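Only one structure is covered here, and it is reproduced in the block below.
All chains are identified by letter, namely A, B, C and D, in their written order; residue positions are counted from 1 within each chain.
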Amino acid sequence: MAKPSLAVWKFASCDGCQLSLLDLEDELLAVADGIDIAHFPEATTAHRGGPYDVSLVEGSITTPADLTRIQEIRAQSGMLVAIGACATTGGIQALRNLADIDEFVRVVYARPAYIQTLATSTAIADHVKVDLELAGCPINKYQLLEVVQALLVGRKPTLPTYSVCVECKERGTSCVMVADGVACLGPITRAGCGAICPAFARGCYGCFGPSESPNVDSLAAWWDELGVARPDLVRALRTFNVNAPQFKEASTRYAQE
Amino acid sequence: MHKNDTRRSFNVTELTRVEGEGALDVIVEGDEIIELKFRIFESPRFFEALLRGRRFDEVTDITARICGICPVAYQTSSANAIEDALGIQVGEPIRDLRRMLYFGEWIESHGLHVYLLHAPDFLGYHGGVELAQDSPDLVKRGLRLKRVGNRLMEVIGGREIHPINPRVGGFWKAIAKRDLDEMVPDLEWALEAALATVDWVSGFSYPDLEPDYEFVALHDPDEYAIIGGRIRSNRGIDIPVHEWGDVFEEDHIEWSNALVARIKGRGSYHVGPLARFNLNFEQLHPLARASAERHGLTPPVLNPFKTIMVRSVEMVHAAATCLDLIGRYESLGAPYAEAPLRESVGYGASEAPRGLLYHRYALDEEGLVTDAQIVPPTSQNQLQIEADLRQLLSGILDLDDDTIQHQLEQSIRNYDPCISCATHFLTLNLERR
Amino acid sequence: MKRAILAPTDLDNLIAVLSERGFEVLGPTLDSGVVTLSSIDSTADLPEGIRDEMSPGRYYIKATSDGELFGYAVGPTSLKPTLFPSRRQVWTTENTDQGIIFRSSVPDLRPVAVIGARPCDAAAMAVQDEALLGGPYIDTDYARRRRDLFLVVVNCTRPASTCFCASMGTGPAVSEGFDIALTELKLDTRHFFVAESGSERGQEVLDQLGLDPADPDDEELVRVALEVAADSMERTLDPVDAYSVLRAQPEHPYWETIVERCLTCANCTMVCPTCFCVTTEPVTSLGDESAGEERRWDSCFSLDYSFMGGSPVRETVESRYRQWLTHKLSTWFDQFGTSGCVGCGRCITWCPVGIDLTEEVRHLREQIDA
Amino acid sequence: MLDFAALPTVDPMLPRPFRVVRVLRETSDVTTLTFEPADGLATIAFGPAQMGMVGLPGLGEVPISFSSDPADPSQLAMTIRRAGAITSALVDLSAGDSVSMRGPYGTEWPMEAAEGHHLLIVAGGLGLAPLRSAIVTALRRADRYRSISLVYGRREVSEVVFADDLAAWEANPAMSMHLTLDRADPDWSGPIGLVTSRMDAALLDPASTTAMVCGPDVMMHAVGADLTQRGVARGKIWLTMERNMKCGVGLCGHCQFGPLFICKDGPVLNWATAGPFYLIAEV
């Protein structure tokens, strides 16, 4: 059986999610043994043309050129996996969706006319069919490995959609919200990171995006009781997954209150 | 035969083995280089704009996301700047922990670059994975080095990409001495491996190229500067970080989504391992210095291709220094320092794996950011990269196109440019339109 | 059973004796602001003078100088993680000439002794015993850990406001399932424990410590202290009434009110010492061809839990909360002849938004009566 | 105190290796696989309607009813429909492939208790799989039942499974067959309608009928209600149910249906026990 071919693509992003592949130090060579890395510019100058069995797509759609490139990638890919918060919800750069893009350009660039950009930063699935999404800013490299392994044997990868709290309890961390009164987004955030923030004595700030059934209003009411000001809550929801529907909807309501 | 062609062009449409997206356009007429553009077409993400209105304590988490390869650099420079703004003083134990975390990033980043991205150029491979087919043990050594760096970031920072533990004033959680002690065997191995790496890369053959650089780096008389210091150059610059804007400026060029930085009135300059090495050789760990001297590597080193040697020496320095720091580490009392909010401006810099990273923030009295400026190493090197390319190209125009293309690319990789961070620069003069 | 007096120094001997007998000794320690269970070497590791105060969704630690070693009520950690780990490998495959072979994953385990488990913990263990060891098919990993457990329970003299073990009949004094039971008494002049054995092993260990017998006055002090503790509990739950209320009202509109508050975060099920739901996950490794199965805690609050034929059976929040509460307080009786709740109050304290099951049952009862 | 020495020592979660010996593609999505043990030990002996946990190492395992004749364990078989990743991989297996297997688990059809009664078997779609073992068992001792009827409803003509069996049963004087199709179809000249529409013909004497029903939840609910209304005792209407199952032996909690564990109290349950919970949404 021929090895499945893999291509890695990048849109607006920090490169961290694709770096996760190279961060699999112990498994990288085995991965390279099992799959044919056909296009991965961050790692190799070798390049083989499509079609590809699997494409990993990092980053969000932010420029006019992106709009056509993502269509081309979709057309050459058997399975398209969107990796990371940028690719699955638009990432932190989707904060522009709430602002005036011209002003954003002016703030950063001396000659705005040189800059070609869209007014919004959007997820890959807003443009083409996505077969699988890996949440996280950044993704968890072991989830990426799980996807590769599952792919190779043809099973559904095990990717949790429940809340960070489950991982928090699994590792035996005491709840920072209950024990320390620290505002934590864990109860409405998707597991996957291993609940590292509470383990480091801070509240989760939501980098894996909304969990499968997030009750944002209930948590917001509790944050009120903890003394968190509403603008602070709004910003907490508007960070790495600002454009995720549940966070966007709730934060828009709170911002208007 | 190429010699007499009237017009040739080389388009490296997609640069590989660099982080992010860049391209290079060159037009040559006869022996004359008509046009040479190092283009960065990475999509702009507008960090300086989106930071406005965020609270001071969110900045380290947000700026980390500028670059997945060197998040600690962004976290450190921005924490420095905000601590400067608020007048927060951090104690020695927090500084030590910060350095160890940062060294973790150096080892990870240098390990990745040396073994998987850069060495293949010298050995004729497409990349590290291809190299591994012939020399699995070598690549495994590189991966394990990288892993030690990552492990250090995980232990201190919570995870290797976008660590969650660093914050303004220090860390969320104090790291227990025993957790660091557990790193000792790994670091001892890494020290040996880094020494072996210096030996290995010293055997490569290096093209002759010795441009006349102005090197700029942080300098600290007591340590090989990484988390702070004064900005120095080999041509007389010696300023505190907050004077960056007096000496340097940023400009927006048409063909790039990155702003480029230059020394006012002088032009291009060079930041990164080579600059650090040449300016701070005396402060290197004795083991690192000895390993460099053993291979005749002493300042001034001007050959940009030799940065691979310098990176390897810096890995020796990082591992050896971490072992020393762990030896003297005592668990922190309070993991972070605080200070009352005030309307203020703060400046911060640190030495990212790729060179000087400068941040400036203005805060209002509620601690919200009103203005931000971030100048990453790649934008500071961009003009220098173009200058290097011109010089290199004029000397090799009689070679065939493929070789020229390869050498140009390799020359860019000397800088290990991290293009994804290079697109977030803000000009000093906000009024310019 | 004869009772003995144990001085705080004897407690150090107890720890020493247990480790000499090959046990890894776990006890309460103050860690990251909560009293939890971890390895201890001596009484110096115990949370001396520490009190814990709880209310729905909040937990506070207070330091006192009274020197009591077990003056706290109940931390987030029950015996469950020790006996029923949150994640474990179940089996792995091996490819042989004869074909594939499945092997149970049996980890090397040191027998564990726990000092300072609470009566509700012992009661919860009995509930898990019934669920995991009571049928024709048993959890063999649990059985092994359980068999090797040496349990020293410390009775509760300072219950928290979230505790309601007295009404559930599980505390504040332990009645069975322990090897040694202690009651700590700190008077103005004396600090001592009254010890009682609950098994032959327990008696052997007590004998080895060479203790003085307790006199009737001391026994009376213990009786009073525990009675006062029982009377001081603010919360109550009537298990029999809860059984019928929940059984009769699966579709009461009341359930919809829970939707406003429940986060479906699963914390209550994770901290509950009796919840035993698990799921299995396949694992494969690159390189070698081996495969295996892992088991981890699951929760009736997750959507995957009831997934069937393309969608979850329990999609709405109210159906998931109802499943949890009904199982805990009602159908557990049908299945195992007891309540699934021992009144430890953990789910009340550790619910991030402070949902209190005793209140929910009370509201439901009131609504039905009205 | 627990007597640990008296506890079973076998890990019920540890599967045994089995090998596929025969593959019968019933439809494009349904396959009947026949298995034999690959560890040299005795095969699994099961009762009608019992199930096994079958799987592929690294892929996971799923509950599937045994569909072969319980009297002949050497022909141990399952009939599997492609639903998701695991069942798809199973459906596509070939002879010689190995699987993991645990079982048998769960309750059986009350074949003996039903003796002396009219046996009414009601199947919807692939619900025929766990009923096949009941039918072959009943036919072997047909004289013990007053009658044996099969009501078999399908959505489409192409959905037919056990075509050979159906033909044989059709020809068997001991069986009375009532086939129906949910919707009109040019390839079908028989009756149209849900299984409940065939009850007038199939149900002979409600007072002495034992019904065995298997199909989708909605269909079982409708049949349970319908038969009760027609006078069949609740305790004589038997269903076999499905719920998510991870262990099959009452240790994982997933298959709860009210107070019942479908894996050990079921899958075969009577309407008196299960019926009330059917009425509760999302139970």
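In this text, contacts are C-beta pairs under 8 Å (C-beta built on N, C-alpha and C of every residue); 3 or more make two chains touch, one makes a residue touch a chain.
It should be emphasised that the depicted structure is a prediction, and the values quoted were computed from it without experimental measurement.
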Chain whose Cα centroid lies at the greatest distance from that of subunit C: B
Between the pairs A-D and C-D, the one where more C-beta pairs touch: C-D
Cα-centroid distance, subunit B relative to subunit C, in whole angstrom: 51
Chain centre separation (subunit A, subunit D; CA means) in Å: 43
Centroid spacing, where centroids are CA-atom means, of subunit C and subunit D in whole angstrom: 39
Centre distance in Å when subunit B and subunit D are each reduced to the mean of their C-alpha atoms: 65
Subunit B residues counted as touching two or more neighbouring chains: none
Touching two or more other chains - residues of subunit D: 58-60
In subunit A, residues with contacts to at least two other chains: 153, 155, 201
Graph class of chain-chain contacts, one of line, ring, star, complete, other: other
Every chain pair in contact, whichever chains are involved: A-B, A-C, A-D, C-D
Contact footprint of subunit D on subunit A as seen in their complex: 153-156
Interfacial residue positions of subunit D with respect to subunit A in the complex: 58-60, 84-86, 89
Of subunit B, residues touching subunit A in the complex: 14-21, 42-50, 52, 54-55, 58, 61-62, 65-69, 71, 112, 116-117, 126-130, 132, 136, 139-140, 143-144, 146-147, 150, 158-162, 164-165, 167, 171-173, 250-254, 257, 259, 335, 409, 418, 420-421, 424-427, 429-430, 432-433
Residues of subunit A that touch subunit B when the two form their complex: 10-20, 22-23, 25-26, 28-29, 32, 37, 41-47, 59, 62-63, 66, 91-93, 95-96, 99, 103-112, 114-115, 117, 121, 137-138, 193, 196-197, 199-202, 205, 207, 232, 235, 239-240
Contacting residues of subunit C [partner subunit A, same complex]: 31-34, 36, 57-61, 76-77, 81, 86-87, 259-267, 270-271, 281-282, 284-287, 291, 296-297, 299, 301-304, 317, 349-350, 352-354
